[in-house]
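Some structures are shown below for you to check.
Both of the next two complexes hold chain A, though its partner changes from chain B to chain C.
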Partner chain A sequence: MGVDLIFRIAAIGILVAVLNQLLIRSGREEQAMMTTLAGLIVVLLMVVKEIAVLFDTVKTIFKLE
Partner chain B sequence: MLLKIVGSLVVILSCSFLGLILSRDCSRRPQQLRELQTLLQMFENQISYLSDVLIEAFERVNRVANSETGLIFGRAAEILGKGEAQSAANAWEQAVRQCIRRTALNREDEEVLVEFGKLLGSTDLEGQIKNIRLTMEALRIQEKKAEESRSKNETMYKSLGILGGIAVVIVLL
Partner chain C sequence: MNDKKPGSEAVMQIVQIIGIGLVSTVIILILRKQKPEIAVQVSIVTGVVIFLLLASKLSSVVELLQSYGDRADIKPVYFNTVLKITGIAYIAEFGAEICNDAGESAIASKIELAGKVIIVVMAVPIITSLLDLVLKVMPQ
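Presenting the complex of A and B:
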């Protein structure tokens, strides 16, 4: 699960970089910006579950319940 | 596992196909605008030198062209022949509206063509020829615009299709 997620995020990063270059080269800076933002949001949505787990762990470690 | 691979292949292939279709439309538009200019030139010659009736001129242009753009002329001749329209302008407009779907032309080009029909068969020979010249000039401007957008968009649509397909697969995997 963990390694799989990292690979997926890496692939999205590469794709977004290529798309960004492509759109900038054809003179569509705004759409390039939008794709970058979309990539960021997708990655965040994938990561948000893991972040929640991290917070839970921190809470249990320091007994903040 | 096998299902996943097959599914992702299908998604990538369909997305690349979509990009390919869009880029092909981009390259077909300037070509068809050029074709239309040639056809109008032919039409002008027939009216001015052969003094053809409109139906005959339309039909002859359609026979020579034998393509999507020539189809507009053929359809106009058909409508005129059957007597479905009140005037030549009306018949031409109907033909343009019906046949524009099959071509790669957009709304602006459609309006230019309809505008050409408005004066069709309502003035003397000189007026007709001037009208044709004016339309050809407008089509030339449209062609220049289409050529610009082609060089900008053709490769972009192609690679955008493939990359978009890959992106969808990665997100869904």
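Presenting the complex of A and C:
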């Protein structure tokens, strides 16, 4: 599960960058901004889950809580 | 797996981790120019993935240490405190490094400060027992 998550986030990043350039070239700055924001939120939702897994693992290994 | 040499699994694992690290470094370098915010997220996920690959080994090491601590009759309070401090130090370091990488060294140093304060608070029982021992030994 781990490595494909890295690739998935990288793909989203590249896609958002390309879309951003395209939309800016065609003169739609607001939609470019919205695309950036949407990509960022999607990636953030994926990352937050992973960080929660990390914290849970650390808690169980080091007997925190 | 049994017909291979004893250390080959560990070698495979370190090769795997180095591979993940190199690939994600290249990805981050590509993304950093265009979208630095997503590059930071890739680096977070890489750190998490590498830690999760190591988590099972780390927990077996901790179990080994704990079994020796039990055999040496160390009070479990002390051992657990040291363990918890290690965990807190690891998470604080992880967060601080991410902030540092993104260029927010001020927030990184605040996270480190918080980690240190929490570690001192957790170490209070050990410190008090040490100071009690010193007071007992000291001539009145």
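One rule holds for everything that comes next: the second predicted complex is superposed on the first by the 63 of 65 C-alpha atoms of A that agree within 3 Å, B and C clash if a C-alpha of one lies under 4 Å from a C-alpha of the other, contacts with A are read in each partner's own complex, and residues count from 1 in each chain.
Rule of thumb we're sticking to: contacts are C-beta pairs under 8 Å (C-beta built on N, C-alpha and C of every residue); 3 or more make two chains touch, one makes a residue touch a chain.
For clarity, every value in this text was computed on a predicted model and none was experimentally measured.
Once chain A is used to superpose the two complexes, chain B occupies space next to chain C without a clash. One of chain B and chain C touches more residues of chain A, and that partner is C.
Computed from Cα centres after superposition, the angle at chain A between chain B and chain C reads 180 degrees (steps of 10).
In the superposition on chain A, A:15 contacts chain B only, with no contact to chain C. By the document's definition of touching, of the two partners only chain C reaches A:53; chain B does not.
With both structures placed on the common chain, the touch criterion links A:23 to chain B but leaves chain C unconnected. Of the two partner chains, chain C is the only one that A:62 touches; chain B does not reach it.
Fitting both structures onto chain A leaves chain B and chain C with a minimum C-alpha separation of 15 Å. Common to the chain B and chain C interfaces on chain A are residues 12. Against chain B, the residues of chain A that register as touching in their complex are 8, 11-12, 15, 18-19, 22-23, 26-28, 42. Touching chain C in their complex are the following residues of chain A: 2-3, 5-7, 9-10, 12-14, 16-17, 20, 36, 39-40, 43-44, 46-47, 50-51, 53-55, 57-64. Listing the residues of chain B that touch chain A in their complex gives 152-153, 155-156, 159-160, 163, 166-167, 170-171, 173.
Chain C contributes residues 20, 23-24, 27, 30-31, 34-35, 37-39, 41-42, 44-46, 48-49, 51-53, 55, 58-59, 62, 80, 83-84, 86-88, 90-91, 94 to its touches with chain A in the complex.
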